[in-house]
Amino acid sequence: MSKTIVTFGEIMLRLAPYPYQRFEQANTFKATYGGGEANVAVSLSYLGNQAYFVTRIPDNPIGRSAINRLNSFGVHTEFIVWGGERLGIYFLEHGASIRPSNVIYDRAHSAIAEVELGMFDWPSIFKGREWFHITGITPALSAGAAQVSIEAVQAAKKAGLMVSCDLNYRKKLWSKAQAKETMTQLVEEVDIVIANEADAADVFGIEAEKTNVTSGVIDLKHYRSVAQQLLNYCKAQMVAITLRESISASDNGWSALLYDGADFYTSRKYSIHIVDRVGGGDAFGAGLIHGLIHGWPKKDALDFAVAASALKQTIPGDMNLVREIEVLNIVKGDISGRVQR
Amino acid sequence: MSKTIVTFGEIMLRLAPYPYQRFEQANTFKATYGGGEANVAVSLSYLGNQAYFVTRIPDNPIGRSAINRLNSFGVHTEFIVWGGERLGIYFLEHGASIRPSNVIYDRAHSAIAEVELGMFDWPSIFKGREWFHITGITPALSAGAAQVSIEAVQAAKKAGLMVSCDLNYRKKLWSKAQAKETMTQLVEEVDIVIANEADAADVFGIEAEKTNVTSGVIDLKHYRSVAQQLLNYCKAQMVAITLRESISASDNGWSALLYDGADFYTSRKYSIHIVDRVGGGDAFGAGLIHGLIHGWPKKDALDFAVAASALKQTIPGDMNLVREIEVLNIVKGDISGRVQR
Amino acid sequence: MSKTIVTFGEIMLRLAPYPYQRFEQANTFKATYGGGEANVAVSLSYLGNQAYFVTRIPDNPIGRSAINRLNSFGVHTEFIVWGGERLGIYFLEHGASIRPSNVIYDRAHSAIAEVELGMFDWPSIFKGREWFHITGITPALSAGAAQVSIEAVQAAKKAGLMVSCDLNYRKKLWSKAQAKETMTQLVEEVDIVIANEADAADVFGIEAEKTNVTSGVIDLKHYRSVAQQLLNYCKAQMVAITLRESISASDNGWSALLYDGADFYTSRKYSIHIVDRVGGGDAFGAGLIHGLIHGWPKKDALDFAVAASALKQTIPGDMNLVREIEVLNIVKGDISGRVQR
Amino acid sequence: MSKTIVTFGEIMLRLAPYPYQRFEQANTFKATYGGGEANVAVSLSYLGNQAYFVTRIPDNPIGRSAINRLNSFGVHTEFIVWGGERLGIYFLEHGASIRPSNVIYDRAHSAIAEVELGMFDWPSIFKGREWFHITGITPALSAGAAQVSIEAVQAAKKAGLMVSCDLNYRKKLWSKAQAKETMTQLVEEVDIVIANEADAADVFGIEAEKTNVTSGVIDLKHYRSVAQQLLNYCKAQMVAITLRESISASDNGWSALLYDGADFYTSRKYSIHIVDRVGGGDAFGAGLIHGLIHGWPKKDALDFAVAASALKQTIPGDMNLVREIEVLNIVKGDISGRVQR
Amino acid sequence: MSKTIVTFGEIMLRLAPYPYQRFEQANTFKATYGGGEANVAVSLSYLGNQAYFVTRIPDNPIGRSAINRLNSFGVHTEFIVWGGERLGIYFLEHGASIRPSNVIYDRAHSAIAEVELGMFDWPSIFKGREWFHITGITPALSAGAAQVSIEAVQAAKKAGLMVSCDLNYRKKLWSKAQAKETMTQLVEEVDIVIANEADAADVFGIEAEKTNVTSGVIDLKHYRSVAQQLLNYCKAQMVAITLRESISASDNGWSALLYDGADFYTSRKYSIHIVDRVGGGDAFGAGLIHGLIHGWPKKDALDFAVAASALKQTIPGDMNLVREIEVLNIVKGDISGRVQR
Amino acid sequence: MSKTIVTFGEIMLRLAPYPYQRFEQANTFKATYGGGEANVAVSLSYLGNQAYFVTRIPDNPIGRSAINRLNSFGVHTEFIVWGGERLGIYFLEHGASIRPSNVIYDRAHSAIAEVELGMFDWPSIFKGREWFHITGITPALSAGAAQVSIEAVQAAKKAGLMVSCDLNYRKKLWSKAQAKETMTQLVEEVDIVIANEADAADVFGIEAEKTNVTSGVIDLKHYRSVAQQLLNYCKAQMVAITLRESISASDNGWSALLYDGADFYTSRKYSIHIVDRVGGGDAFGAGLIHGLIHGWPKKDALDFAVAASALKQTIPGDMNLVREIEVLNIVKGDISGRVQR
């Protein structure tokens, strides 16, 4: 049965040179659209749900193109508010092997960064919906966006929705101190907290001992401790942490754990040869929501989320264009890549 | 000295999004042409032989484009029969890492699927030729194609040609029961049977114990047993089996064995980082025919076939555009990829 | 502080099919420009130095395009001499996995191959400059180019510049006997000799025992011996040797050693998943010059050179478009490829 | 105020070489999606209406891609029925100057060609909608499609919708006799008949004297007579005829007339330098429906339709991605192409 | 003899869909760089002069790419100031036939828009230079940019340079009232005023009677009156007015007139089939400066400027990559387009 | 009935930036293959004849690619001689409107330029063939090529073939004096002489009074005089002259006349909007040979040749990929460009 999820955040124009050109070598940019919460909405739509994406978009052909893409993937866009001067942009240079990918943000002064309290009719948006998802990127965009983010989670909670939040710390958008202050307030309304292996430390100062995220080695034991601390700090029902072992820009280990205050669940670890790592965390969030909103056992939801997000990293662009059956095939263990014909 | 080989089957328009786009992301399709027996003919032509490809093609620009490509690679096309309404199409999505490649067939009602007995002048086609090759795909296309396939192998045999057949089971074209019935009849005329690690089971129910082809693990011992059973079943002179260890869509192990009723020959195993796996089996068949038709020792023919087909998987498109000297360099062991300059 | 370096050699139009097409499959060629000494100049410019490239170029749009590219990367081109009939061309087919890359030279009769003594005003060119770099490719182009190369190193030495030379043996340009005769004469003026794992043997007959460069195994001990013999033969201050372990066309080990007559310095070995290996040696030379010209400790210069040249091999084209900070990040050990955002 | 329109027909995958390649020169095909009634729906959606497209589509990635495109342009797709084996395809070679464009249909056996009575729930589809549009292509697809087309127009009429039909004769799909028989039956339910300068003759044998459509000369007087005859034959409220003066494949004159049994309305004639003429007639139909459904004066609706369809021919692809304001600017007379900045 | 010219203004990243896609159809954007004064500098450099472009650019890969392009075309960039957050962007949709091109500015908050008095060392910049050129775009960017523009023209005048200014009114950047106030002040220092057929009216309210610039008809007599009024208003030595007859987005008439207070000079009128009209006015300005700075007769300078700018409109991108000899060939009358071989 | 024609000359790699980039803007070159006599062979093959192309080609992948292309279009390549160092190259910049196309030859030292007497077995080549065609380009390549060209025409004549020659003067290859000396000798064996509007003057000094080929005006009367003089000079059976009215690089008038010593035949004049003018003359030659070799009336052969060559100029690349039926449709007068569907 189809479920209804609302997400709120920014969708940007993404401009990327062809793999593996440097920016200076680019004579064309591949133009796609993406952003944390938009990616979650698209993924949930592709998995068979009714997903609503809420944002503010300028009424020009670039803004309308972003909406066309969302529509194309089945996302409901009727609650998007028109306004503002520009759509945010980010430039992405694809890394390879030992060379890291490079992101340049050109998202200041975007339509969504200039939102104000009262611009969105949250009661209408949330009426009859089941789940609300937001990430730590949205409140980081501006003071206005932070206020509206809190307005949104409170309204969602009040309307009886489950609320999930991916911490998603972005150091190019705000300081750790700013993040801590705002996110502490925001997670008060959150049922499920999602983080990557570095977010808990960056946002709330919760450290996993003896782990160096740039070394490529992940010690699961310490992340259990992080999960416990995070759950305690946020007073949420559940925390999920994705664990990326960055062997190189081309090859990663990918797994996750989930803790509900009682049990720890850990997933299989996938070795991924990466096509496009952007949006991996968002695909995890979408996969987890998909499992939980359909009432699957937590371990199943976690396995699904990890498999979905591993698949994402084999697909160009921010968005995880995979269907439920494809994820389930991976969960069942067929990662042989054999052609079916 | 140049040898003459005839192959009979379908050539399709292949439409593939750029690596590693999903179908939904494609705004252009890379257009090439391919099909099991056409691929074998091209490969044999590139290896220095006179190869004749026989099929039926609609008289429109798409059909003529297919012929242009065959001509471009030196294949003789004068026995191709004009007729029918459409050229078969297949869509190919390139998988990556844990995501499998995806093939969509749109080949029903193609010109070759609608052939009938008597459409081809086999005595003229086979006059003065040395070898005939067919695969299990051609009889799977339609009842008519199955009849003509049997007509062809019988005519080839009668004209004194060596006959080889690659079982090439395609579950999207026919059932195992249908395959068994037709292929049992067809292999009666066949001197050399080629199969991959799954075909013997799929077509004739000949199983290798304890091997799971999607697990990526291949147990050579069991395949010796398969080879023996297959030889007995088909009453052929020789069987050759390719063994693909599917580690992921990007990385495969690749080897083969050959059994002539007396001795088992096994090849080196190559670790391949895959560019395009389609046509790997066809390149093996072409390499094996090339070695055997030139009277090389069986072990040399096998090694050549495996090296040739490993090379194929580093080349985009269905066709193995490599020359004999390039394959021999791999056989000799230079797989370092050093640039010569 | 910005340093001044002069290099002298050929810049060619490079025409490459898209990865990983074979030449016969190409309907477009990617057009870039490169050549050993030009690559060194561009890399040094990107690292923050004032680099001057000296060559001879035909006055037509292809020649002017080559100069535009050099200018684009900040290289000074005012000492380039106009003349000649054509710009040299090289065709590059990108190999993959077990299939080697293939280079076809079409550089005979180029403007630089037809140079004569006296065409370049070396005293003006070298006035106020600090370093001169040349490679064994330039004298290999023609008898005239060999004469002018010796003229250049002598003038550089006379003007008080440090002189470095990368042996860079190219068997498609001259024989080993020719190379030995000319290079023996040329290295008399050279302070720093750079070589890859095969050059010392090819040019001067100095062998590392028990090493087979196509096998992918490198024995460091033997290269110490090579370095000593090479230093003795050339009477240089220093020799540096790059060591490529060619596992396949896609994956290489990459390291280097440096010997100054007293101490051996060895670098870290990088495992590189290769995007474009052409220009790796040039990037090493540029990195080494950058370190030494700025007076860094030899070990630091070596580490920088190896990291810089490892990075090069992740970038398409001949040229190493990386800045000093990027190389230093790799030297410090962050090869995780994590996105910064 | 937004209006609701339903259209019913085929959407195909369109595969086109780059302008102005011949098919034999194509190594990539530009992949878009289009079809008469789908194009009308997209255009009406872009003009600000609620458009519903009804068809039958196979449940595979190619079918889903077609739906994604429709969604992307805001068309409602919830009444599309899943089923069938393949999506129809058409190949388009762009002509230039004196060389005509070339269309190859590969649409036999498509999902929509194999529809049967009862497959669509017309009462639900038409409930609350205002307008139904169909073209002569849909009944031409197959006997089943003809039956369902008639089923549809009858149901629309019964549900109180306005019904429009574009005759759109396609000689590659059926004979004139077949067309006449079926279309005579179909137009019985039609309020507004749309035709191009040749359709009336091809379908109903209604000739304009002394006009040769391939000569590029259009005599308006004779088309008035055609309009009268056509209105009488069809017993419709209104007929509109588009008049294309084919000067060459690159340059056309473009105008139209409308006759309502009382008055003749004629539009301005545009001289168009053509980018893509496919879909011009569909854009006219959409423009006319847009004007009439909003109750504009007939002359205004006609002018709008002609301007809209002239604009279409400057846009690549089948679909007229223009907004109402853009069309109105052309109607007002600004065809200078001056950049606004 | 080579002359020295300084220009000051903005260089933007230009993102354009392929001709003649609409924005919504774009999956890649062609990335080039341009802006009024940067275009003038590039053109003057290509014509053989020493051109200096002054601006402010953010220190990131996009900013550095803009500088690389300028360097590539030989423009001196050493006076460019690093700083600011972003490079301005403009999106360009290529119109065709009756469909106009569409420009979307995303240039607010760019590095150059946030300049302040004192950021540029004008005395050093102008020392030894001969000519300074600015356009009405630069002061329109922001209040700060307006102040710095006036600072620049005053410094240029003081340093003894000739000063030219292209009015270049951009209604998307400022109102006519704002433009009049600032430009009136700025032209006080200007020797040569350049305008298009609409600028004089837009900026200073100077109207040509009976001319409607969107109708495509230009009445030369009225433009003489405009030129006189403009010269009187500005108290400049000379005014030049370009006259574009916009027949459609694809075809334009192109000519100009020059008035020096004594004589009127009028150029030939070119019929241009347009490839890219952006930068046409800038190419005119560069051509005029080139002629005048070399002391050519005014009529010759005007003819050169018109031919140069006509050529520009046949070249993709903002910049006029033509050499003096090519322009002179057009001036001499060879517009036959015959291939030389 | 299929006829046999032999042509002899050079096939080059053609490298062209995308329309309408300048060389300096090109990051990719479109790679095709062409050359006067190769183009004639391809066109004759496409028209349904057996065409043999004779040349000398280096045994490397670039040379083999050229042969693949010829094979692809059905040309017989078995008489091509392997040898030499390089395939000739030409660079082509597409002009537009008033900007001319630009060709840069890089064909010196090509395999065919270095031919010598005796390299080709002309008696075998001509045995059983009907027609031999050559152009003035081949003898212009080198002294050796001139000798072999004369050897070829003499052998053809001796073997009883009809011989045609297109004067095709190329000022970048030889002087008018050189051309006159060699071509005077060569035309002694020629039955049919083909020329463009400038060749007769360039090669033999035969002038059409009062015609300026760069002005775009062609006076037919004068060309009758040229034809008469040319026929007298060459003592041929027939002369044909193509007449190009170069209105701009984008638009040309195109017609031809034929004179057989008795009658003048003149063709229709086509107004062509040019896609690619290269190869227009070759397509004319092929069309004329096609008509004459099949015994058509001279006027029909001329009309066919002009229509064929007009079509060529709407097709990208050197080669006229049109079939007989397509040309006949143009001859019949359908140049409306209406889509058939």
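Order as written gives the chain letters A, B, C, D, E and F; numbering starts at 1 within each chain.
Assume a contact is a pair of C-beta atoms (placed from the backbone, for glycine too) under 8 Å apart; a residue touches a chain by one contact, two chains touch by 3 or more.
Quantities reported herein were computed from a predicted structural model and do not represent experimental measurements.
Taken together, chain E and chain F share the touching chains C, D. Steps from chain A to chain D, taking the shortest chain of touch contacts, total 1.
Residue-number overlap of contact pairs with B-C passes half for only one option from A-D, E-F or C-F: E-F. Compared with chain A, the chain whose C-alpha mean position is the greatest distance off is F. Comparing the contact residues of chain D and chain F by number shows a mostly separate set, under half of all numbers used being common to the two copies.
With respect to chain D, maximal separation of chain centres occurs for C (centres as means of Cα atoms). Chain D and chain E have Cα centroids separated by 44 Å.
Distance from the chain A centre to the chain F centre is 62 Å, each centre being the mean of its Cα atoms.
For chain C, residues touching at least two other chains, in rising order: 22, 24, 27, 68, 73, 102. Taken together, the touching pairs give a contact graph of some other shape, not a line, ring, star or complete one. Per the contact rule defined earlier, chains pair up in contact as A-B, A-C, A-D, A-E, B-C, B-D, B-F, C-E, C-F, D-E, D-F, E-F. Taken together, the chain D residues at the contact with chain F in this complex read 20-22, 24-25, 95-103, 105, 170-172, 213-216, 246-251, 277-278. For chain F in complex with chain C, the residues that touch the partner chain are 15, 22-24, 26-32, 60-62, 64-65, 68, 85-86, 89, 91, 93, 102, 104, 106, 108-109.
The residues of chain D lying in touch with chain A in their complex are 68-69, 71-74. If you check the complex, the residues on chain C that touch chain A are 73, 270, 272-275, 310-311, 313-317, 321, 326, 330, 333-341.
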